[in-house]
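Here come two complexes built around chain A, the first alongside chain B, the second alongside chain C.
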Partner chain A sequence: MAIKKTTIVGQSFPRVESNAKVMGAAQYVDDMQFGPNLLHGRLKRSTVPHAMIKRIDVSKARALPGVRVVVTGQDYPGLTGLYLSDRPTFAVDRVRWVGEPVAGVAADTPELAERACELIEVEYEELPGVFDPEFGASGAAPLLHPDLMDYAAVPFIFRQPGTNISNWFKVRKGDMEAGWAEAAHIYEHTYRVPHVQHVPLETHVAVAQVDGNGKITLWSASQSPFAQRNLIAKSLNISHSKLRVITPYIGGGFGAKAGVSMEGACVVMALNAKGRPVKLAMSRAEEFHTTFVRQGLVAKIKMGMTADGRITAMQNTYYWDGGAYTEYGVNITRAAGYSSTGPYFVPNVHADSLCVYTNHPVGGAMRGFGMPEIHWAIEQHIDRMATQLHLDPVQVRLLNCLKEGQETVTGMIMHPTGLSQCIAKAAEALDWETPSKPSGTGKRRGKGIAAMWKAPAMPPNPGSSSTIRFNEDGTCLVNIGGVDMGQGALTIAAQLAAEGLGIPIEDVRVNTVDTDYSPYEWQTVASRLTWSMGNAILRAADEAKTQIIQMVAEVWGEDPQDLDIIDGNVVSYATEESVPLKNIVVYGMQKPDGTWAGGPVVGKGRFMPTYVTPLDAETGQGPRAVVHFTTGAQAVEVEIDEETGEVQVLKLVSAYDVGKAINPDMVRTQMEGGAVQGLSTALLESIILRNGQPMNPSFTDYRIATAVDAPVEMVNIIVEVPQDDGPYGARGIGEHAMVPTAPAIANAVRAAVGVEIDSMPITSEKVWKGMKGQE
Partner chain B sequence: MQPFDYIKPQTLEEASALLLQHNGQARPFAGCTDLLIRIERGFVHPQVVVDVKDLPGVHDLLVVRNGDLRIGAAVTMNQVALNPTVQSGWPLLAEGCGSVASYQLRNRATVGGNLCNASPAADSAPALICYGASVHIFGPDGPRTLPLEAFFLGPGRTALQAGELLTAITVPFVRGSAGHFLKLGRTTIGDISLMNVAVLGWPDSDVPSGSSWRIALGSVAPTVIRAPEAERLLSQDTSPAGLEAASQAAAAAARPIDDIRATAAYRSDMVRVLTRRGVERVLEEIGG
Partner chain C sequence: MKHDITFTVNDESYSIAVESHHNLLRVLREQLVLTGTKNGCSEGECGACTVLLDGEPVNSCLVLGVEADGHAITTVEGLAVDGHLAPIQQTMVELGGTQCGFCTPGVLIASHALLLRNPDPSEAEIRAGLVGNLCRCTGYVRIVDAVREAARMQRTSVSPIP
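Right, the complex of A and B next:
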């Protein structure tokens, strides 16, 4: 398709829902009113990391007046999971992490529900736990899921019988011996990433109700209304048509609200509530460790380089701390495997990415989906080797970074990419060659850079669909199944529909999701909506536009090729006639003979990638591992206090190849937000777990960056090398923005004071300790 | 959260009687920024909470006849930190109160509550100790006054007896003094102190160095503590060598622990660094 000049795509329209949000009028699940019949749900949770449940006694809870529902794992023993069905709604005979639900209670008031939970007696027989993934992968570890091989699973994960390894992605490529032999320098090191949490403003919240016909409605703050419908329906063995999921505005997700976490429990309670709605809302403390967390990682990197900085071989082992259930985490492991080299051409690769069960919180999707974690290791490793070889880190990256036509780690041919441009532009904007002067004595400055790549991590065939319906006045409704969680999906949908239809953006309304009325969307994850859902919207717009033009052509007796829709009017290039869309898009048009043409205009579009291929289980090789990679780089300058070790990020430059910026301001704000979240994980964030117990499940001791901790100066550079199957060439940017931040900061810290930080976060104390060690 | 009764007494006698009557089961509060969270998390289980905000004098923030500053028990952190009189006469106190938590919380949180919680990390306490503050207590036997340093007994423990409540704080004016509060947090604002140092110095021709000093350290011992040896050394010598010796003496006075926020070793060394920085800044202001 030839790309014609756009008028709406590429313009920075304000967000379509921003007025409602700014004025506090936007409705979130917690704002919805369900009347006096509403029951308040609460979950009784495991207090121990690993134990057999000897006994659960709910009789005292049931006897408490005002308590309407008490359910346990015995009532609903079904398993669920996005890629691997290993997770019960309530623990059945065994608990595997501190916080695992063992029972659910719904009562007339939140206080009664809480009291009822206290009255439930659970007797545990504690078992030895697994608190380290490397240990968990070893033969010495206790087995956490003896039934692992019996669980239902997608075909592209590889479980290891008799172990805690729920997925083992292997890459065996090239000739390792030759790769090491060619290297002038080989360096091996281990890096660690702690668990972190997404901390969206809005914690998880759901309301479920069963109507008189047995139909269940779930109002859910979710990134995945359709996936929730699918997983919950399957786990309860009910028809998809019996479950309806409604998702209004949601207050951030960052991956925490992908898939299903606590929503199944809400539905199960509603099934027992005799038609009363049941609300389940997570407290902030629960949010920290009971829904999803970002998995921990132990990464072992061995890399060979020639004297001039060319990478000859990489041997990488990733031990993922998947937590108690790895239903989602197995695919993070897979993504880390097919991206295991980082964005570089490496001819010889031996990579193992292992998803390991532990007695830690359940790992799930989080912005970057494994990429911030592995890049923490890879991007520091490359930098250290460059320094060891007295080479410039920017030049080493430019030399090795993937270019169009080169083979990726899995044997896929790299599509056109602006990675080299991103690296060069980020370095240039930071004035890479020129050191800057510290602000005073006792301060030292350093610059660091990191590159990245990330593909949408998903099954090979995640679908999108959209419908466009016109109103009498020429405005239209765009229906989508994707969720706007703050990233701007509604606005992108409106812009693409308006551009595709030829109408002003003000004439487009985009609906939030109701699975009974919205068309299917797999999930709002993987930075895939602009690309995948965007394609579906453009096709729907094209179909609607075709209906309109054919009708007008028929009435006017013209060739449809001569007609177009511009600014809400059908115009003829041949006759210069024009007619507004008003009226004709619903009532049709009267022909000269008095009869009618057309009818209510309804366009539909769908998109699903059909070209992704399986990868070989033993080598990880295959022609097309993924749909595409978004690439980019960040460069940062830091100033370190020599005495306290405090790190201040002075300037942060982001440069990403987004293919085409549909809304440049929104692209830049994604870059900025991602960079600040990346900075926050780099310097501050860690869920401290001691024998499985979370030590800091509150903002008192789980600190996140605020506006004053953000870089003093931020520069956001948009690079546009079009994606062949992207809408107007667009690729996603939502997650990528935080992938290279932490290693870029670590590299800058090392450049400033020579301290190497292997383990995130880069606390002041670690930098201080590193500097003490140099004395 | 466990239910409790809320009572708002109108007189000191009534408040004291309530606390006595529910001995151990009643908790006084002002801003409730700490108590409510502790109840919600199940750390404390009071049957009664006693709101002190209607008691006479608890909202006073004024300079009394002898020049001392009087802070009623329910005066908020922001009322102190943003008060021009406090900022000019007791700048160290303004800095300490201004660094507590976040702006929104400082609209609720009170200096009196901060002291009664007796956290070693209380940001208002080191400044008050440097100024030689006293606390006014009302109890079954009437009013009494204690030096603030004698008020803290340990983490969460104060000298308050059964039926007693804190009513006000008196902060003497230290003529010619300058002071600074230095705090190490994980984030730029809003964090609890990993450790902190308050330094107050003033010209004094009776001592060899020409200046006298008070130094208080937070979050490095079971209570906020003074660093008397560091103070003594500074009164002898404020040369760079003297300063270094005093800073090391301050670090030696600290008895920190390892916890999830920081290690003892880091905290001790930061006492040295922040003490030196604080003294340097004060010296610039008072000359010396």
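Right, the complex of A and C next:
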């Protein structure tokens, strides 16, 4: 069958829900009304980073009038976790980070709940802590999880008995001795990335209620309604059918709202609330260090290059600061392992990616899932080596970047990719060869580039599904289990359904998620919805379309091959007859003999990748580590003030191979938003932890980029080399947009003033000190 | 302790009793159920709760409910006139200035206030005018575009009403 030209896919429609958002009418969890019997939850949190709990006395809290529920870890000792079940809902016996919940209170007002938390007495016996992942991985560190080997876990993580290492991903590829021998130049260096926070503008919030039949409903600002249902049901040992998760609009996620963090505590309180709904909302301070943070990283890179810039060998060690619980972080470690070389062909690799328990906040998924962190190291390293060898950083990247048919670090054969194009186009758009003049005296300018790759990081078999139902007037409802957290999933779903069905996009409505009515979706993470959920939607559309066409063909006495649906009408290429979808998609059609054909049209579709293979535990090698990689590059120009060390990003070019842009303008808005989030982490952000105590959990002390920090000029370039397993060839773009930003800026800073910044963020102080050090 | 206050919100008059310690944000969201105005930090840092108080933008989390007595408040729900979007709302939709939408109400109010003060702001003035409104999704690019375009629409009297 010839590929038809698309009419809706590839068009830049505005977001389908934007009117509700600009009118203040879009409902988020905190906007939902639960009536006057709503209880307000609050968590009593650990004040110490590592201790045994000697005693918890809740009697004074319980005695406070208006306090309805008090729960502790003794009441609900089950463990949970996405990949490794190591996390209790409330601490049992031991606390492992400052902010860990030790008790929960629900009361008539938020003020009473807060007062009750203050009245709970907890006596700790403090233990030595682990505040550095490299130390944590050593034999000298105290053990934070003596029961590590007893926790339930997925089969693709590798724990080390008697250590704090909850996953160790190893790559042993090629011949390292030969690789070093072939190199004309070998350079070794250590880079660091601090903890940062996602900072969704909406903090985590959940409401839970139990009805008379014991059915629990959880309204949750979540990227993962189905994963929350799964993990909470399992941790409470209840049936999945007894738990319903509803997710309306959510105010950003960036990974923070993936998996489960505080929602289980809300459910546990509701189970004790005698049918009253319980709301648990995180304060901004709590958001900064008690749900999820991006893990810290210590990255040691050793690279060999020939005199003309070809990479001969890489030896990388990544120590991930996983925090108190690594239930989610173990898979970031794995992703960093199977992506450990960056987007380059490297024949000889020795890589170790270690997830290490520390007494720091819990590390979780954040936009990029380990890739911004490892690229901070790799992309600076390759740039420095290019300079050391008097080579052009763009040419070195073009020489080494992965091309179709080459082996990745895990032995997978690279699929068609536009990586070379992205690097070349980004450099060209920045006018790479031509230096530009500073805006005045005391200012210096520089240009930098960084490339990237990222695969959807997930289990081998995360599923998607979708259903499409028609209404009497020919419009349809698309049900999905994926969440629109701002990235545009509802709009992409509408476009794919409309294109697949042959109806106008105005005739498609996409519903937000209710696990009792929406079809299954693993999680809204890994930039996987457009790709995976998109495939399921196209299959649902195809099934619905087939039902319609077969009915009409039967009634008209035609061959279904001659019929199509165009702009909401079934048309016959043979007879030029036409009938609108209105009515027939619900009531069916009457045949010439007076009997009927058809019935209410319901299309269903599902998609699950079935082709990902396991990797060898000792070598990290296997035929197909991941489904595919999205690749790209960013190039930036900065200007630095010699007096203050302040870095201003003047121009930022992004170029990504998205396979096929379903909605090109929304691809560009992902590139812009991701780049500024990347810029913000590069220049401003760090959760300052002193012996486990968070020092800056507020917007006053933890700055994120504002409108004046955003680049003066941004250029977004879409490259489209189709992906064979993507809808219309599409790949994800959401996370990728911030992966190369920080190293690109660091490389530009080095080009401008010769200062090398090993440790993110690139503060004015560090740049200024670096410049002073040169004098 | 409760206090009786009378104030207007989006041109409608309200006489209600408010707790002395409740901020205006809580009064709007919980008592008037005007939930368009969002709570992003409760500390006056993020701008998600921005409303107009007698035409001036304020963080409603830093204003006590009782302080609104006798004043006129405009929230995001009051920007559209007779169901027709204001220019800044239209351009935010058309130019893609909203993603998750949580900062959007505050951004709209701050932008509206900026355009009331300065009908022809430069790019730098737009950015400075939005410095108190944090957005984590958009990178501000489309928001700045939307303000510039709304200003142009208003100056050239392109009717926001089709």
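The working rule: the second predicted complex is superposed on the first by the 772 of 775 C-alpha atoms of A that agree within 3 Å, B and C clash if a C-alpha of one lies under 4 Å from a C-alpha of the other, contacts with A are read in each partner's own complex, and residues count from 1 in each chain.
As a working rule, a residue touches a chain if its C-beta (ideal position, glycine included) is under 8 Å from a C-beta of that chain, and two chains touch if they have at least 3 such contacts.
If you're wondering where the values come from, they're calculated on a predicted model, not measured in any experiment.
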item	value
Most chain A residues touched (candidates chain B, chain C)	C
Which of chain B and chain C A:S764 touches, first, second, both or neither	first
Touched partner set for A:T706, first chain B, second chain C, both or neither	both
First, second, both or neither for A:T613, with chain B first and chain C second	neither
First (chain B), second (chain C), both or neither touched by A:N691	neither
Which of chain B and chain C A:E643 touches, first, second, both or neither	first
Contacts of A:N461 with chain B and chain C, given as first, second, both or neither	neither
Partner chain in contact with A:Y28 - chain B first, chain C second, else both or neither	second
Which superposed partner A:S241 touches (first chain B, second chain C, both, neither)	neither
Chain B versus chain C as contact partner of A:R15, first or second or both or neither	second
Chain B and chain C footprints on chain A, overlapping residues	700, 704-706, 708
Residue ranges of chain A in contact with chain C within the complex	14-15, 17-28, 30-31, 33, 198-203, 249-254, 283-284, 485-488, 665-666, 669, 672-677, 698-700, 704-708, 710, 714
Contacting residues of chain A [partner chain B, same complex]	111, 114, 643-644, 646, 684, 688, 695-696, 700-701, 703-706, 708-709, 763-765, 768-769, 772
Interface residues, chain C side, partner chain A - complex	29, 33-43, 45-46, 48, 75-77, 79-80, 85, 89, 92-94, 96, 98-105, 108, 126-128, 130-144
Residues of chain B defined as touching chain A within the complex	1, 3, 184, 186-192, 260-263, 266, 269-270, 273
